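In what comes next, chain A is part of two complexes: it sits with chain B in the first one and with chain C in the second one.
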Partner chain A sequence: MLLSELKTLYKLEWRQFSRSQGQWLFPVMLFILVIVLFTVGIDPEAHRLQQMAPAVIWCAFLLSLLLALDHMWRDDYQNGVLEQMLLHSESPLQLLLHRVVVRWVLSIVPLLLCLPLAISMLQMPMTIFMPSLLALAAGSFVFWSLGSALSALTLNDRRPALMSLLLLPMAVPIVIFGSRVIKQSAMGESVSGLVLMLVGLSILSLSITPWIMFAGMRLNLD
Partner chain B sequence: MKKWFHQWVSPPHLYERADRYAKVFLFLAIASILVALYGGLVLAPADYQQGDAFRIIYVHVPSAWLSMFAYAFMAGASFVALVWRFSAAHAVATVIAPIGAVFTLLCLLTGSLWGKPMWGTWWEWDARMTSELVLLLIYLGYIALRLSFEEQAKADKAAAIFALIGVVNLPIIHYSVYWWNTLHQGATVSKIGKPSITWDMGWPLLLMTIGFMLFFGAITLMATRGELLSRERRTKWVKELVDINRGVN
Partner chain C sequence: MYSLEAKNLSKWRDHYCVFTDVSFSLNSGESLWIRGDNGAGKTSLIRILAGLSKANDGELLWNNESFLADNSSYQGALHYLSHQQTLIPHLTVLESIQLLFPMLGAKAASDISLSLNDVGLAGFEQHKVQNLSAGQKQRLSLLRLLLRNKPLWILDEPQSHLDREGQAWLFDTIERHISNKGMVIIISHAKDLPLTHVKSLDL
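Let's look at the complex of A and B:
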């Protein structure tokens, strides 16, 4: 039963994604734009760019995810699909979790494909690609799942800004560890400890946030 | 035991009790703050490095402690309210948020006033300052979340959940900021040249903290009374209370 539910979910998500008329491109454009704006704000010399690169990549990445997070539940909440989904599901918690993961993958893959571009724009060595990819994936999952939980809590508020204000302070540890990964891997140091830290945080958020999501939806759907 | 408990969680009883306790707390708070001020500003010797400027510690450190203590208290009240469904605990959590935010702001302001002559800058990316700033943003987020709901019950629940998310996150934020800071600029922290505090300087600080806590208790109780009245404005006991007061006037 659950399996068929999940199949429907995946089909629906894919259909929404492929019919979104290029909406998935918006976060990608924002990612590039933030990098461009940061760069034109300083004298773009290589050493200065390299110094800024970790912070710029992370800020641009998280801001782009924020844009994508806005559509996490809102559209389906407003047209009633979310309510039906939860009413009819045998295990709504799992359904929500699957949806979070599917949307996360669909959002970060286009951004990660731009990562080589971002690295070369900021004049960083290509050797940082693999470590930063892993760090961005793990860190973004923490951000994404927390963001999904907080958007479920703030569903009935029409202003999208509120969720960002609640979420961004919680992004401090992710940016600290994540930008450190980029910096250290550029210097050729080992970063496995830092990446594992981010993976640990993402497992922590994976285990806590579904409950918050569910509670938030229940209270907003009454 | 059960009766005692009931008197703390039922709104009319809490309303009455809060008044008595608030008065006692306020009296003790004013007394201990005045004594501590005398001790801190007059009796304590000047610091051998910082001169008289160090005396701002008597406001700065207690408000820093209170900013965290208030969050812990708010989260505790939220937890109690969520688990045992005490509406009065929601009222307590509601009123603590702005109070805690003000203590946090006070800590940041006095910190930057202290930082200007000591470090030569209004803002230093010191680990404690940074996590205090994040704490302020979380307090403000909590208040904003509460205001975004029209229904009281939903606002209470959402805010309580958010407060508990904060409890999980704040230690992670705090320690990551600490770690970040010690890697980047250890020197600024030791620039303060922190000598372990002597008893002459220490007792007013301790007393001031106790005074701040009592003051926090007093204003929380007073604000809770107001919050209870506005939440329960349609209930019988509030209406009776209003009638009694009208009769007196």
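Let's look at the complex of A and C:
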């Protein structure tokens, strides 16, 4: 893919994002609301919140991403833009890959900006911020790329919850490793191994999922 | 000079036969008008020709060589406009030309005002696509054809939503393309097409 083509794609994605009438705010609001509901619903003793905080942060984060994933391909599929992009692109796999990356960045940055707020609401020490940020970024990319592939495979399926129901079980290892990062960093232990594991998983998903997306789209376009 | 030949194409969906044994040949400077009732398989055929779908049987030859869906020389030679308008509602007309069209096989326009003048959209640069009429959206969509010179145009009901003046402009543009040794495959429900050198294929 040429650099000029890439620049055009990134500009196009940014323009769509900035014109989305605040759609990007919905995942952010869901993330904050889930955290708020947990904090008001649980006994306000600090240690209870702290015990549950890692799982709460991860579940809220991944559920919020599900909202953003809903728009990954569907709008462009329905208005015919997606098939024309695939038809006329000289490197459709790269096109899909870059689109997944740029949409992931645009979706997680607002969520990650809310992370300090979530940490303080759950009465966790601010020392967990950086390890949590790295783990959420790497883990969410695995989740995002798997979700993008499943979205591509289910483009023609009209059952709205199907993609979510298929995707959430795949999130189990991400939540296990990701929650451990937050738990261990709160106790002052080293988490570099766990973070590297998540980074490795995200690289693996990056190398496999574009093929699945492309195949899924071709199947749905036929 | 280019040539496209279809030999005994057939398409099934589940156990239902959409069409069978469709054959035609097309050379530079010719156009093919695909006709048929609703559900006759016109769009299915045109999507096979565009490389978006696969025939269950038969063969396609581009310049006498067998065509596969990933044949880059064939893909690089065609412009396919579907019956959808292929536009993003939130973008302006100008952004569509500068950002969307280059991703859809057209070049960025060197002279945008001239291009917009061609399709009768001069002065609409900053209008959002969602605020254009259906006919104006169709004109904008058709502008892609003019922004990169590709020999084979595959058009699915291109005159829909266009007024009389727009249709005259469209067929004039197609005619010019054919006279410049281009090829056009067109689906149309019109009773007659104002084109010379047009072959017809009934499904």
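As a convention for this text, the second predicted complex is superposed on the first by the 221 of 222 C-alpha atoms of A that agree within 3 Å, B and C clash if a C-alpha of one lies under 4 Å from a C-alpha of the other, contacts with A are read in each partner's own complex, and residues count from 1 in each chain.
Quick note on the criterion: a contact is a pair of C-beta atoms (placed from the backbone, for glycine too) under 8 Å apart; a residue touches a chain by one contact, two chains touch by 3 or more.
These numbers come from a predicted model, not from an experiment.
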item: Touched partner set for A:154, first chain B, second chain C, both or neither; value: first
item: Contacts of A:47 with chain B and chain C, given as first, second, both or neither; value: neither
item: Touching partner for A:5 - first (chain B), second (chain C), both, neither; value: second
item: Partner chain(s) touched by A:165 [first = chain B, second = chain C, both, neither]; value: first
item: Partner chain(s) touched by A:177 [first = chain B, second = chain C, both, neither]; value: first
item: Partner chain(s) touched by A:90 [first = chain B, second = chain C, both, neither]; value: second
item: Residues of chain A contacting chain B in one complex and chain C in the other; value: 222
item: Footprint of chain A on chain B - complex, ascending; value: 134, 137-138, 140-141, 144-145, 148-149, 154, 157-158, 161-162, 165, 168-169, 172-173, 176-177, 179-180, 183
item: Contact footprint of chain A on chain C as seen in their complex; value: 47, 50-54, 72, 75-76, 80, 82, 84-91, 95, 98-100, 102-105, 108
item: Chain A to chain C touching residues, read off their complex; value: 5, 8-9, 11-12, 15-16, 19-21, 76, 79-81, 83-85, 87-90, 95, 221-222
item: Residues on chain A engaged by chain B in the complex (per definition of touch); value: 146, 149-150, 153-154, 156-157, 159, 162, 165-166, 168-170, 172-173, 176-177, 180, 201, 208, 212, 215-216, 219-220, 222
